[in-house]
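Here it is, the structure, as C-alpha cells.
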Amino acid sequence: MSKIYQNADDAISDIQDGAVLMLGGFGLCGIPENCITALVKKAVKQLTCISNNAGVDDFGIGLMLQQKQVKKMISSYVGENAEFERQLLSGELEVELIPQGTLATRCMAAGYGMPAIYTPAGVGTEVAIGKEVRNFNGKDYLLEMAFDADFAIVKAWKGDTMGNLIFKDTARNFNPLMAMAGKITIAEVEHLVPVGELDPNHIHTPGIYVQRIFEGKNYEKRIEQLTLSK
Amino acid sequence: MALDKFQIAQRIAKELKDGFYVNLGIGIPTLVANYVPEGINVTLQSENGLLGMGPFPKEGKQDADLINAGKQTITTIPGSSFFDSAMSFGMIRSGKVDLTVLGAMEVSENGDIANWKIPGKMVKGMGGAMDLVASAKNIVVAMMHTNPKGESKLLKECQLPITGIRCVKKIVTELAVLEIDKTGFKLLERAPGVTVEEIVSKTAGNLIVEGEVPEMVF
Amino acid sequence: MALDKFQIAQRIAKELKDGFYVNLGIGIPTLVANYVPEGINVTLQSENGLLGMGPFPKEGKQDADLINAGKQTITTIPGSSFFDSAMSFGMIRSGKVDLTVLGAMEVSENGDIANWKIPGKMVKGMGGAMDLVASAKNIVVAMMHTNPKGESKLLKECQLPITGIRCVKKIVTELAVLEIDKTGFKLLERAPGVTVEEIVSKTAGNLIVEGEVPEMVF
Amino acid sequence: MSKIYQNADDAISDIQDGAVLMLGGFGLCGIPENCITALVKKAVKQLTCISNNAGVDDFGIGLMLQQKQVKKMISSYVGENAEFERQLLSGELEVELIPQGTLATRCMAAGYGMPAIYTPAGVGTEVAIGKEVRNFNGKDYLLEMAFDADFAIVKAWKGDTMGNLIFKDTARNFNPLMAMAGKITIAEVEHLVPVGELDPNHIHTPGIYVQRIFEGKNYEKRIEQLTLSK
C-alpha cells in the first residue's frame, strides 16, 4: 500500500466542502505551500482551518481567504492580513482565538490519544469563559479539548516513502504536532527520499502518523520580516 | 530624566543572572538582548521552537526556515536546539524558563496584565502571551508609565481585557522600577532625576513608597 | 486436530492487511511475524520506542541499545524510526496501531481480558498491556482454549483481575476462531477436524453457533 | 554557570535519604549505570524510585535493592529480580505498579507543566481504584497525576556542555521524558562533546531541561535477553 501521491492536487482530491483542516506552519515559515495552492484550485469551501496564523493577503492561508473558502479560523494570531480583517468585520468569517501553547497542546493531545489537557493559559481571562477551571496543587487550570480534524496538512524538509518526516529549523513548529493529530495526514516535503535514507534516530514524525506524502515543487518560502545585521 | 526605550532595556538586563533561560517579547523586551551584562551567559528562548537565538543574519545569510516568534529572520548559536511548539510551551509551563520580559498596555496592583486586546479595535490574537504570563515564574514588564493620553498604565484594576492574573513580578518604566507587593506597586528605584512625586502622580494603583527610594544605577 | 502454537500464529497472520501497523505481544503473538502473507507489508511496533522491527541480529551484530518490548536484541529495517515511550503509547492510544495481538489467561464473553495478575502469585506488573488493551482499535487474542487444568478460558466473566474491559475483538485458540459479539463468543471457524461439540464443551461463556461453521483454511 | 560535573559521585552528591528519583531506561537498556553505582557507593537510603523496571539482581536498580536503599518502586514491570521479590513479600519494599504508557505520560506531563492527564489505560481494573473516571466522547478515562520527582537521572548517547542530549536507538525510551520531568536533571552521557558539535535539529532533549551533565565511564551495557538469528 503506497503512501506516495504524485502531487498536491492528487493528495487533497477528496477534501470536501465543510472539512476541518489543520495546516502547519508559524507565520509563513513551514507552511504547506503546494497543498494551499491545490486547495485554492479545487475551490473547496466552508472550511474550518486550525492554524497558528492566517497567512498574509497574497500568501499562505491568505490565498484561501481571498477565495472565500474559509468559514472559520482557529488561530492564536491573525494580524498582517487586510482581507481577513474585512471578512471578520463583515461577519463572513468566524474566528476563534486561542493561546498558542493551548493550540499546540490540543494538537498533541489528539495525536497522543488524550481527550483533553489542563493548561493554566487563559485562566481568569475571556478565554476561560464556558470552560472548566480546576485547581491542582494551588494553581488553577483550564480544561481544553483535543482537536478533531479531518485532515492535517503539513510541510516537512525531508520525508521517505514510508511517511517518516524530518523538519528543518523553526519550520518544525506545529507541523509534527498536527501530523500526529489528523485523521488523515498529508505531508508535502521538499525532498522525498527512498526508504532507509533517513537516520531512524533523526526522524521527528514516524511514518505511522502520515497517510499521504508527495514532493512539493516551486517552494517560494517567503520571508515575512526580513531582519539583517550589519 | 525619564529613560528612553534603550535604557529601559538596559535596566531590565540587570535582572539577568548567569545561566538564565530567557523569553523576550516583541518591542522593548527584544532590546534587552543587547545589554546582557559582561561575564554572564543567558540563553534566549523563542516560543516558536528555538533555544539559543542568535543575532539577525548578515545580508544573504537569511533563511526562511529560521525565524523567531516575531517572525524575524534570525540565526542560531553554538548549542542551539530546535523543537516543536508543544515542547516549547511545555518548557514554559513547567517553569524551565527563568525570566520572561513582556510589554503591556496595563498592569494592575495585584499583578494582572492586559496586553492583547483593545475593544473596538481589530483583535489580532494573544499568540503565546497568555501561555507565557500564566506559566512563567518570573515576569518583568517593560512599558511606559502612562499611555499616549497621559493616563496611568499602573492601575488598581485593569480596564482592558486581561491576558493573565496575578502574574507580573516587576515593572520597569521610563520613570521607575516597581515590584508587585501584596498590597500594590512597591517603588524600588527611580530613573535618574525623576522625583517620587512625579511617579506618585502618574501611578493610579496603590503605590508603596518606603524610606528613601534610590536612583537606578547603570 | 487442534492447532499447535505455530498454526495459531499462522491463522492470526491472515488478519493482517497491507499497510498495517501491528503490535505483537510476547509468546505466540511474536510468532505471527513469521507468517505475514505474501505480497503484503506490515510494520511492527515495539512499545519501548520502535517502528519497523526487524529480525533478531546475527551473532556479533547484537546491540545493547537496540531491543524490543520483550527486552530481546533485535534489528531495524529500512524505514525504521525511534521515539520515546510517551510518543509510543501516544500512537497506541490515538488508534494509529491497526492491530494488536496479545496472549491472555481469560477472556469474558463481553470482551474483558485478564492477562497480568494471578492472586497469590508474585505480581510482575502489567507493563504496556493495560495501555494496549484500553486503546487498540482491533485486538486479537492468541491463547489456548483451556488452562492446564482443562478449565475453559472463555468465560461469562473473568475470574482473575482484569487488564481491560470490553476490548477484545477476536480470539484464536487451538480449536477455533471466535468473535466477540453483543451476546457472547460467536464461533467463526473450527480448527481442521475439530467438532463444534468439542468447542461447545470447552467454552464456559455464551457460545453463539450460527449455521454451518467452516473449517479454517491455511 | 557550568553544568559539567566531573563524575557520577560529584553529580549525585546532594541526593539525600528519602529523595524521589526518576531513573531512565527500559529493562537494562539506556540505564544510568554510573549514577546507580554512585548511589550505591553513597549508600543513600529510603529512596522512592520511579523507573519502568527494577533491574536484575546484580545490575541496574537491582544493585540498590541489594543494599536496601529503596523504600518504594513505582514501575510497570518488575520481574527478573529475586531480591526484589524477597523484599516485596517480606514487606520491606513498597511497590506501585502502573501501566507503562501511564508512567511515560505522567513523566511527560511533569515536563510539559500539565498537572494531570487523562488516559484510558486501567479503566475498569484495580488500577482505577480511588481515581477519577471521566467520560469523553463516549469513552472512559482515568485522571492520572504528573509525577513530582526531586531528581531525574538519565543516560544519553551524546551530550554537549550546555546539556543538550541525543539518545541512541531504543535506549531513548523513558530518558527524554524523565529528563524533562525532574526538578534537577542529571544526565550521564557516553560522549560529552563541545557545544556546537550537535546538530540543533537532531537534539532530543534541549539543554534547558538538564542541570548537570558528565561523561560516564566503563559502560557495561549489559544485554538482558540475547536473541540471535542463524
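For reference, chains read A, B, C and D in written order, and residue numbers begin at 1 within each chain.
Here, a residue touches a chain if its C-beta (ideal position, glycine included) is under 8 Å from a C-beta of that chain, and two chains touch if they have at least 3 such contacts.
Keep in mind it's a predicted model, so treat the numbers as computed, not measured.
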Where subunit A and subunit B are represented by their mean Cα positions, the distance between them in whole Å: 29
Averaged-CA centre spacing for the pair subunit D and subunit B, given as whole angstrom: 36
Length of the line joining the C-alpha centres of subunit A and subunit D, rounded to whole Å: 33
Multi-partner residues of subunit D (each touching 2 or more other chains): 105, 112-114, 119-120, 167-169, 172, 200-201
Multi-partner residues of subunit B (each touching 2 or more other chains): 76, 82-83, 86, 89-90, 92-93, 135
Contact graph of the chains (line, ring, star, complete, other): other
Listing of all chain pairs that touch each other, if any do: A-B, A-C, A-D, B-D, C-D
Subunit B contact footprint on subunit D (complex, rising order): 1, 110-114, 160-162, 164, 180, 195-196, 198, 200-201, 203, 206-209
For the subunit D and subunit C complex, residues of the former touching the latter: 26-30, 52, 75-79, 85, 88-89, 97, 99-105, 107-108, 119-127, 157, 167-177, 204, 221-229
Of all residues in subunit B, those that touch subunit A in their complex: 46-50, 55-59, 62-68, 70-74, 76, 82-86, 88-90, 92-93, 112, 122-131, 134-135, 161-165
Residues on subunit A engaged by subunit D in the complex (per definition of touch): 105, 112-120, 136-137, 139, 141, 145, 166-169, 172, 200-202
Touch list for subunit B against partner subunit D, complex: 18-19, 21, 41, 43, 45, 51-52, 76, 78-83, 86-87, 89-97, 135
